[in-house]
């Protein structure tokens, strides 16, 4: 809801699970994937899908897909069909276009000479159009517009499939990664193995977790001998809700094989000489759940640092600091700490507003977003308010909130945005409105303030954001990356939507 | 319901419509296809789908699919999405396997170098396994187990697609028809044209109709100038419910192009020298709606002839003749005419029985099929009954009916089946139980009678059936086929399930 | 569907079941009621309800209600809630008004000083308005517009309830029956007993059946020792589908108590001196299922007699006789027997037509009812057809059928109606259109023929209908009524909608 | 969800709306009621209902009811039926028993001699059992177990209804209020008037708001001339989301008439001499939305005062203060202010967890409530945490949270509860577990701490709570109550669940 209104949206979440040890296993693989997807639900609410494999030879695959939230898409009676899975992958989808159809629902499964493979994908191939043409020229009809099908057919296409016993899927994955530089985090399931793949720029996130007995979940010891299974997820926030411990991230360009025997790094496809990694900085700012960990740091903490940095860059003469609930709260608390202004709550959110049908052309339409917020007037009436938001895209959410606060007695409402203005489109998997819709393309802050009715508007600088993000990584870098991966330890994030500098040159 | 119980089932129905004249048209193409599919609903109740095209360049395709009956699958609000279609094809599916999933729902649509094509298919490719392997060896992953996807990918595969303006789809269709001899009736939509294709053996039916103004529907004049559009359907029974006049059948091996400019025969792929056509004789016996027309004759009339022939071949010393409602009624009336016995109704069918949930292990389970029939005892109590059925597959439907009649007072119940015993599997698109389940594989009629509790059992002979079917065609043959088609006028029907003689040699 | 189109409709069906012998019982009472209601589904498709009681002291009642057909209204998981019932009553409702709401769904259950009672009702109280006023004047607010609630509150109202152990429900029922003469068949459940009640005029039907072991269902012996339970139903057609034997009808004015100890006649409330019974003659003509038994005769047989009588009263110079499927078939066969004309089928009904959404203002609308019938042209083309219908109400169903037959080649279409013209409203529970809509209120047969496009139109006479109905009863009368009931054995049927002579004087 | 887990629950919310000025009105009355109910959704999620009246003479009532959340219960197409309403009342229900059935859905509507009345009710009649018996002895069968029906029938019962033009409903309401002292807030709609009634003890809340043009919503001027309509609601939080201004509360014992002519106080039924008012103190502590206003003060502010008082009564030697999101946040912020400890967030809530199906007996079950919270470890790892909760009922929610925090690194977890222990059942409309389940019935705080795994547990005192609540009222009292109402200005709140002192003597 919020995402739709603010106008930017994530492309999806992926989640996989492999039971360790002897199969058939008692581990409730399909249930774990389902709960994992629920924990990734903020990355996509349009549809959800799961494919499980029993891992035998030949394997039996079972597929379950549905429209809507995970809880709607998977009915209990259908879940039972998946119960014999020993491994599986799942996907939760964000609808970037109007094509909200079950057939676009992932994972995508096809039959090949070597049996079925299933693919789940988060991201967007920057050269998708050229690749589609290539595939179709080869004589393949594409049944969807999704990159997942494209990836799947590319994996099958060349070299010609031979009737051998053990197809070299890894060679095919490498070939794919060379053909398309970014942006993708992939889960590819074949028979009894999941390949977890992150593009060479590491644009989309992917983390690995270890399932342990619930009783040992929080003991710091817990050797690998206790491992009940492995999970792999777009975000580590999903690990807690299924009883998994954070293990590590898949590195940019890495192909990781996950099987009942454990986790094995197979290969790291390098970036062109000199290119830094380009993890999407908006995962920190906006998309990810605050309890997720990227590059060794908790998203909540980064957001708090953004708020602190913002207080330094854009101090305000005001009485109280507050937040647009709930995502801007860490930044608001950070701003309050540095500014010394008291943190108060000014808005109370009605959780139940949502899909209620409102007739067009009624007075109720005019109330707009105010319908979902109640003003906590005692906390700000007669006061000057600094309101922290995490980002402003079109301005159509913040504008009625400012109106609401002013009318309920705020004498001034200063908007402080804990991220820089979004000015450019994304081609790596994030849905951003057109230039015309982007409020940040107004000439001056003054114009934006006028447009949304604020007393003043200020943003965090790009440098400030990069500092807030990268200052927490350095420590992590020294301790972990250098040992666990062969990639360059150079720091780097994709800030294309803020700066127009894309990680790779775009083909048109 | 009946089909499921009796154990044989059709593979599907296809229906297409093209608006004539200038586009955009006022013709409600999607509604016509929907009603056309409703009229073909007896050919498949598992799922339904429609794809429409506005026919412009490039065209916009709109797809609607759903599980269940047409009336369930297509919601009014979804139908509205299809309303700008100027042409379209639809499909209603019979579930031959347990895979009752939306993704198997047809038509199958893929994007190609030359834009989207949509394929709807009735039948089963006899060499599907070999063709699948060929396609996959080429590097194509197949996302379903359906022949429709296979056909689509075969059409795309060779020769390599070139970026020309007008791809030669007809050449590709011809190539496909040479690669697979039978069994298929296909509708292939590309941009502004529907290709209607029937395999060289003509195993599955396909008829063309002409949409005229409702006011001129039944006037015998009605020149082609009045044509509002063209329809093509598995069975002509659908024409009446949409206001179309019967035009002609697609001939075995024929490729017909249907566009806003009219109907044009493009090609007839011949059969191997000496091979007769092989239209499925069970379409007459069982599958088709009685008001459909095949080979110039009404199905009802053929069934009545079967009943007459049966009365000659298997006379009975009895008091009354009756039917298992509703499909055996024409045969029963035919039997009554020749035998001179009075025709009466003995069973009253409860239309509402169906999906009511019955707990297992209750006394109600024991009642079986009797739950859906009421005995009209006054009509047969104390009498000897000849009960006509159109076919007996496993015997599990007829057996409790005989019990019901006897217990309600029939002194004798003689079963007369208006078709020969089914003894062999079908590989051309009909779902037939295994040999073990087929009651006709019992050694003698006496054994069958004992098994089902009948006083006696007799079947129509294969020769009798062929005569009943072909005696009506001859007249038609002289008048029409010779002029409208270049195929041999040799008569021939597929009787493989009765005789084990398949129209083509089967590869394994 | 048909009922709605033809414009007359039944008010409902009631069904009750009591397990015999020791409780808790193994008899699947709720399932039996469900199947019983399915067999009465033709009497009402709007909603369905069941109330079961475990019969203990105090009893636990369980209620299940839902909109739509029985199979839709009762979900398997809900059915399980009813499984401990030892007795219960159910209801299937026909929507006479636009108020299609769950709250009007029956049975109606209320809590009283003596515990809960449940009431299911078929019919309409002729003096409902006065009784409602009386109840409301007493200070009762009525939560529905249904007669069932009215009946329930009347039963509670007077005499004042006293806190005794055994309330005299029978006295209250008698009082109710004296207050309202007709029309009702009632099932009243209290704790461990069902009272089956039929109004003194016997206007609505009610029959009792005996549940026997399935194995003894059709043995003519089968003493009462084998009784597994008792059922009571609007129509006996429901008995076969649950494995019950027909026992007897509840007599006009009779109060029958059904308990685990058996069936006991408690009382017969007499009619005013000289008044004949008034069983609705349209149950024979139209409403009832052909395999139901009323007054000792099968409905099918009465309809066949109507057809024979019609052939005598209204002979036709024609070539073939046929039916509007399916309800007029017995009359058509009867007409054929007497007239000597051959019986043929002219229409093939598409079972799947129904709820398909058709956009307004399209050419498809013009096709009307023809969408649901296919013409079997070979059977009547070039011939003069006598088409038998069971009744014609507004003419909007028959008219397009006649058009269809003529356009498909019938040279003449003579309509012969196996019942007299409907000219008057019913106040006893049947939904009949207003006078303006009734086609029979046109001045002459010629006008009706013109209106519907028939070559000629003739109806059965009232005398003919009464003869056809009553000629089968006499035998029955002598044998059974005289012994099992104290009511006058005078014959009599309600023909008010045909003659305007109502069984009781109407208050306004 | 939370409510169910914590084990106490509100009984319902009521909402009414009357369009001012000339009827038919353009005001979207039904939509306003719907949104009003959405804003009261936290008071009940089981079912929802709306009844509108066009207010003409006789009026047309339209009813809409459904199970589940308001957004589920009312479908857009159904909402259209209500669109001609000029006034209406609605209800959202909390399921206190297992009887989650549509028939218990309110408002309750009955037909009386004077036309229909509709009743919506929040609360529970303390003498319901005696009143039910009285009504049934009068001869009324009660179709539900709800107090709403009971109230409705009591209103109809005495004095006898007379056929006069203007029934004296107010006299009947007064009679009802004398018969039952508490607890109820009622909306009674008759024709063109809504009576808003609060019991003499004022146990349940009820507030009135004024609808103004959206443009004038926040102007402080806005005279009554601009009034577009009137609304009445269990809580004033609903006013903002529909564009209404807070007007005033209905006073304890007051009967207010709301019509198109405005708001009129008709009567105030006094309490017995010496009895203070008894507004439920748990509305402040727990049930109400923080932006609602009771007795002139905002609930949020009261909760903050509770937190401050708690910091005084139960100081803690710790490092950080936090909250169990989201309801305890104001108390936590209050505690932080007084204690001087920093306020941090320790838990991140997954909004999407909820109805996901989990197979029984799996490792996932063991994870319990942790599935819905993510630990923000950076904020508390290695620290001593004071965790504020608003109330602890059974301890089964807080216990796994404490475990989660400890395992994620908190060195100590001190629970501070911003309300006193719940020890007694409520008979005024709140659902409280049995004594055995109430954790507060453990002998000592130490035992509770052990039971839930906390380092220490302390509660707010009853005196502390009363002070926190009443200290804000005094100002209000002087300004408003004295002028707008004739009730005693004595302060008083129901603390029965904390102290066992009930506002009225309970009859058994």
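The first chain written gets the first letter, and so on, giving A, B, C and D; residue counts start at 1 in each chain.
The rule is simple: a residue touches a chain if its C-beta (ideal position, glycine included) is under 8 Å from a C-beta of that chain, and two chains touch if they have at least 3 such contacts.
In UniProt terms, the chains line up like this: A, B, C, D = Amidophosphoribosyltransferase.
These numbers were taken from a predicted model, which means no experiment stands behind them.
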Per the touch definition, the chains contacting both chain B and chain D are A, C
Of all chains, the one whose CA centroid lies most distant from that of chain A is C
Rounded to the nearest Å, the gap between Cα centres of chain A and chain D is 38
Chain A to chain B, mean C-alpha position gap in Å, rounds to 49
Separation of the C-alpha centres, chain A versus chain C, in whole Å, is 62
Shared-interface residues of chain C (touching two or more other chains) are none
So the touching chain pairs work out to A-B, A-D, B-C, C-D
The answer for chain B against chain C in the complex is residues 27-28, 31-32, 34-35, 38-39, 41-42, 69-71, 74-76, 79, 83, 213-214, 217-218, 228, 237, 240-243, 289-291, 298, 300-301, 329-330, 333, 343-345, 348, 350-359, 362-364, 366-367, 370-372, 374-379, 407-408
Residue set of chain B touching chain A in the complex reads 63, 65, 101-103, 108-113, 117, 132-133, 136-143, 145, 149, 152-153, 155-158, 160-161, 163
